[in-house]
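First comes the structure, then the notes that go with it.
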Amino acid sequence: MLYYADYLALDAVLGAQHPESDKHGAPAHDEMLFIITHQTFELWFKQVLFEVGSIIAKLNSEYVHESEIALCLSRLQRVNRIMEHLAAQFTIIETMSPGEFMDFRHFLNPASGFQSLQWRTLERTLGLKDQRRVMKSYTESLTDTHKRDLETATSGPTLFDVVERWLENLPFMQHGDFTFWEAYQVAVKNMFERDRTDIRALAEVEHRDPAEALAQIDASERGFLALFDETTYSDLIEKGARRLSQRATLATLFIATYRSEPLLQTPYRFLDAIIELDKFVSLWRFRHVMMVSRMIGMRVGTGGSSGHDYLTATIKQRVFDDLTSLSSFLLPRIHAPQLPKEIVDRLQFVNEAR
Amino acid sequence: MLYYADYLALDAVLGAQHPESDKHGAPAHDEMLFIITHQTFELWFKQVLFEVGSIIAKLNSEYVHESEIALCLSRLQRVNRIMEHLAAQFTIIETMSPGEFMDFRHFLNPASGFQSLQWRTLERTLGLKDQRRVMKSYTESLTDTHKRDLETATSGPTLFDVVERWLENLPFMQHGDFTFWEAYQVAVKNMFERDRTDIRALAEVEHRDPAEALAQIDASERGFLALFDETTYSDLIEKGARRLSQRATLATLFIATYRSEPLLQTPYRFLDAIIELDKFVSLWRFRHVMMVSRMIGMRVGTGGSSGHDYLTATIKQRVFDDLTSLSSFLLPRIHAPQLPKEIVDRLQFVNEAR
Amino acid sequence: MLYYADYLALDAVLGAQHPESDKHGAPAHDEMLFIITHQTFELWFKQVLFEVGSIIAKLNSEYVHESEIALCLSRLQRVNRIMEHLAAQFTIIETMSPGEFMDFRHFLNPASGFQSLQWRTLERTLGLKDQRRVMKSYTESLTDTHKRDLETATSGPTLFDVVERWLENLPFMQHGDFTFWEAYQVAVKNMFERDRTDIRALAEVEHRDPAEALAQIDASERGFLALFDETTYSDLIEKGARRLSQRATLATLFIATYRSEPLLQTPYRFLDAIIELDKFVSLWRFRHVMMVSRMIGMRVGTGGSSGHDYLTATIKQRVFDDLTSLSSFLLPRIHAPQLPKEIVDRLQFVNEAR
Amino acid sequence: MLYYADYLALDAVLGAQHPESDKHGAPAHDEMLFIITHQTFELWFKQVLFEVGSIIAKLNSEYVHESEIALCLSRLQRVNRIMEHLAAQFTIIETMSPGEFMDFRHFLNPASGFQSLQWRTLERTLGLKDQRRVMKSYTESLTDTHKRDLETATSGPTLFDVVERWLENLPFMQHGDFTFWEAYQVAVKNMFERDRTDIRALAEVEHRDPAEALAQIDASERGFLALFDETTYSDLIEKGARRLSQRATLATLFIATYRSEPLLQTPYRFLDAIIELDKFVSLWRFRHVMMVSRMIGMRVGTGGSSGHDYLTATIKQRVFDDLTSLSSFLLPRIHAPQLPKEIVDRLQFVNEAR
């Protein structure tokens, strides 16, 4: 007969708190909080890895069925709720004052959050590349076993990889003589042309030189058009200014532009949930930095880290910047190119197809 | 050399997830979330018990030094933050839909949250009495070992007990011919007398019969005065209408009335934090009921519980009602009796004593 | 040129705080918090009404296009986030102690939260019927103008009404000789028959009388079958045990059972979001009760309400109980009847139709 | 007779939503959310300014009574709860997608959050100096009236100013031949001397050169001792490395070191609450940046701001860094100098003085 405590292995879980201050004969009341806070973080990291892993598995295929995206979205929203909850969890550990931490922090040396295998695995699983890291030697303090575990756990495709491939495989962007990115380019140019006409007209009325305003328009237009030109885009990739492939980027533009069509609703929300995930990972890092800086000031961390500055720098280590910045390239609905009826039809439900 | 994973016993903690659906050859993705949610709940319950236990230990003494109350307050505020966080945690498990739960709930039978030893211990440790419980047989589904563990863990004084005694021991309520509760009674009577005069005057002007309004005043006054009369108070205790001893109740009135005096500031906030704790325990129960009712509708729970109705009833099982209802008996500051200078002096810091 | 403060009408909004305690020459610091808390509640109520109103408008039609449901879902999720946020907002007002409230509460008499026109409008707009209310005279303390405004604002269909109609209009439940509810009944009976066989077999092995267990199965089966029998269902409606029409109820069962089919994914999540809304409204009520009981104990509220008990009773005034209890009637996926290929086909996207 | 809607001026508050998209004949559903989100932010900013203003008024005096600090602490904790709540509020506005914002953002030009008078007032009231700002021209887009209002509202002492003065006035640091900072310096030197002895002993055993480790100790010691030397400290001030006066800094060290003494408990928690405030202001900025970057990508903001980079830079504009970094200079309890009995006595309550 299944029993609650056995099912949850509570003997193991609730027997896993071993304060170092006790072992050193100088019990510090607040060390229990420190331990349990970290253990619950790690338990939730396990859940996050479990969900992200299942999303990657579902997307890691040449053809991804629509209903798989809906499932991936649900799981990603769950992950986001967890990350939001974990960011809020810092409020609990912050009921410990720096003075109380001082009572046991020297016992913990050189153990450090830097050694969290799961966090390192998560970063890599999302798609954070070593070359984009602030600290290249971030695995140095791991044991050899953990170094190997990290390699094994992250030897497959990342979330970034599978999302990119799924986007590249998006059909619908072409039909007959309609090619989405060409139509979009025309729309962009038209929009900027209208802006130029307005500026010149206004300048004439106001007897001002329109040169500066026109130069700004030119710069904006170049920013837009860079997405559509293969050579310029390659340059951006090379310089590290963009990471997502051109084809995948154009697919995100397509999804965002026609997000109201039934078949694109879920993909659009899925892209948005990825942006959210990136945000909540940053939020967790941010709250972590705030907590560390209050606890240990500007001294080195318990694991010999250089502390505050390093952690602050990591906040910017975002994986899906290219999705976040997508909104820079959206056109107002009225200026977007109209989809041919044949494509629109293929984005409906059978039931409602015209 | 201490290592992060060893310090936190992560092998034990992260190796404690054993989905039943896997064992039955019908893996249900969402069971992992179910397990980890419950494990983090239990870990935090351990922390709550640890803090509440330390508060009881500090208060369990004939004389409690002022600075101990400050420490108890800090720890209670920490407990409250944890309970608030745990109530919010239901948001995560609620990302699992009833249909997804259906995929593995039958494997869990008859295990049930009813069997959480720590939750039962917490209820009792706060001071919830068996006779005030909705379900008297709440320990029935525990193993014999856990039944014994529960008795052992709760054989000492409860939070209610030590708070009551600390209040009963509060000095300052008498000095010379000033006795706080006598002065307060006079103030109460004066207040109601003023109310009666106002009512009669208004009735005359408006040519109305003041009888009903006066009867209401009488009833209110009786409610107040019941606190000060030993016999009436004993009756309230006997009927279960009040639980806190008369002396302790009068001390809470004293603390609340003179809460601005330096020595009473921390005791006042401590009483308030206890009210908060009671509230957050109720909030946890409430969110739990909501979650259960969505997950399993009106069927019996996995542990054979009658479910929704029972759980709803438990929300009212509050321990510190008498503190919450205290505000019914407060007087506006201007109507409260003035403290003799000798008592006021004893409520200051050495440094600022006149 | 549009300016931030003009756009947001900040002169009006930030000039709308007029503490009564100031007017009475006895300024109470905490009254500002009291006012601003209520004003932000009311501002968010306006937003909630705006969103719910837009959802009703979209659903209030004979034929609701699939993509409208997706939009309604987004807006409902927004409403849920707002309600969750507002429940948490009580934490701020609870930084005011009962003693501090005592300093100005008498100035507010007889104004009361009972007089919130928007809250009353919201309750009715969701579909709370007067006959299901704890207090029938809930509009009594409104001004005549507000009584009229309430009637006008709630003269159209409620959220309950339009959701019910949308469900009743769900196609797909029949095709050829397949009728969903008949197939579901058969599946239910089969499931219970299997249970009976198991019980009898076990009883024989254990030499026990199976009568009691079998009686329980009979009762459970009757509960299920009541949904499918027109007469029994009418009785439930009449007794107030159910409120949603039989046809709509069967549609919810259909949606929940086949929730993985592309076309039903969004409807399923929409139903779930409605259950969430009901939950968060209850949560708001619950936090409100807790706050009121701490602030004024068991005395009458500032508006002459009977306070605690009344408010507690209102927590159960849920509108969509019938959806929440739906999970009682779900079958495990393997026992659910299989959909004919023709219906499955109509639940796909054009693009992926076989 | 006071009526709810009149008391709260709901006609003004609920009549203050005027979507620009309506005026332009192109109603965008989500603009209402945009307006109400900003209005509730502004309402809460008013509350925050009200509380912070009252704290400054209480502390703006040569002698601050102990019980005033307790009141200031309560109010600061309230402010912190509000700021935490407002940071979470971004979750609501983030239910609006960039595409939906696109539908009305051009109507808002050139209005911008940069023009929030209250936020600018808050920054200055806390003590943010213009020379520490990322963008010096931050008031440029305010109207002349608002520029004047800002000057008027911030012409008095800042929170930083009054906290600094209160700290400088802390008595207790000297008695007879005991001077806290001299005793503390000795303790610091002793601690580092012990460290040096340990390092040399270990080096000998391990046949290693202790030079590098010893150099590190020297550097750490210099960091500590800089606080106690008037000339070095002046240099730090001049370079902008520290802002709080030396006397005030030493007082914070005193309070933190002897935080368990009754009279210092509340001051210690007050300092901690100020650190929290700085943290929550940063958290608000951070969430704001995340929201803006998702909404408008890397384009200029609606008010012509350079957007993302500027906002990111402002996150570091903290006012009370010197308090946050205090934990760098704390000694473990066992190494701290012992207070003379005469000072200890003056830190007790009359009631408990020996």
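Just so it is clear, A, B, C and D label the chains in written order, and each chain counts residues from 1 on its own.
Here is the rule we go by: contacts are C-beta pairs under 8 Å (C-beta built on N, C-alpha and C of every residue); 3 or more make two chains touch, one makes a residue touch a chain.
Bear in mind that the values here come from a model prediction, so they are computed numbers and not experimental data.
Engineer: Going by the contact rule set out at the top, which chains touch both chain C and chain D?
Structural biologist: Common neighbours, chain C/chain D: A, B.
Engineer: So which has more C-beta pairs touching, A-B or A-C?
Structural biologist: A-B
Engineer: Can you tell me which chain lies farthest from chain D, using the average of the Cα atoms as each chain's centre?
Structural biologist: C
Engineer: If you average the CA atoms of chain B and of chain C, how far apart do the two points sit, in angstrom?
Structural biologist: 29
Engineer: Could you state the distance in Å from the CA-based centre of chain A to that of chain C?
Structural biologist: 33
Engineer: Please report how many Å separate the Cα centroid of chain A from that of chain B, as a whole number.
Structural biologist: The computed centroid separation for chain A versus chain B comes out at 41 Å.
Engineer: So which bits of chain B are touching at least two other chains?
Structural biologist: Residue numbers touching two or more other chains: 88, 91.
Engineer: In their complex, what parts of chain C are in touch with chain D?
Structural biologist: Answer in residue numbers: 1-10, 12-18, 20, 29, 32-33, 35-36, 38-40, 42-44, 46-47, 50, 54, 74, 77-78, 81-82, 85, 88-89, 91-92, 95, 107-118, 143, 146, 303.
Engineer: Quick check on the complex: what are the chain A residues that touch chain D?
Structural biologist: 84, 88, 91, 94, 97-99, 101-103, 106, 220, 256, 259, 268, 272, 275-276, 279, 282-283, 286-287, 290, 293-299, 312, 316, 324-333
Engineer: Going by the contact rule at the top, pick out the chain C residues touching chain A in the complex.
Structural biologist: For chain C paired with chain A, touching residues are 65-67, 70, 171-172, 260-263, 265-266, 345-353.
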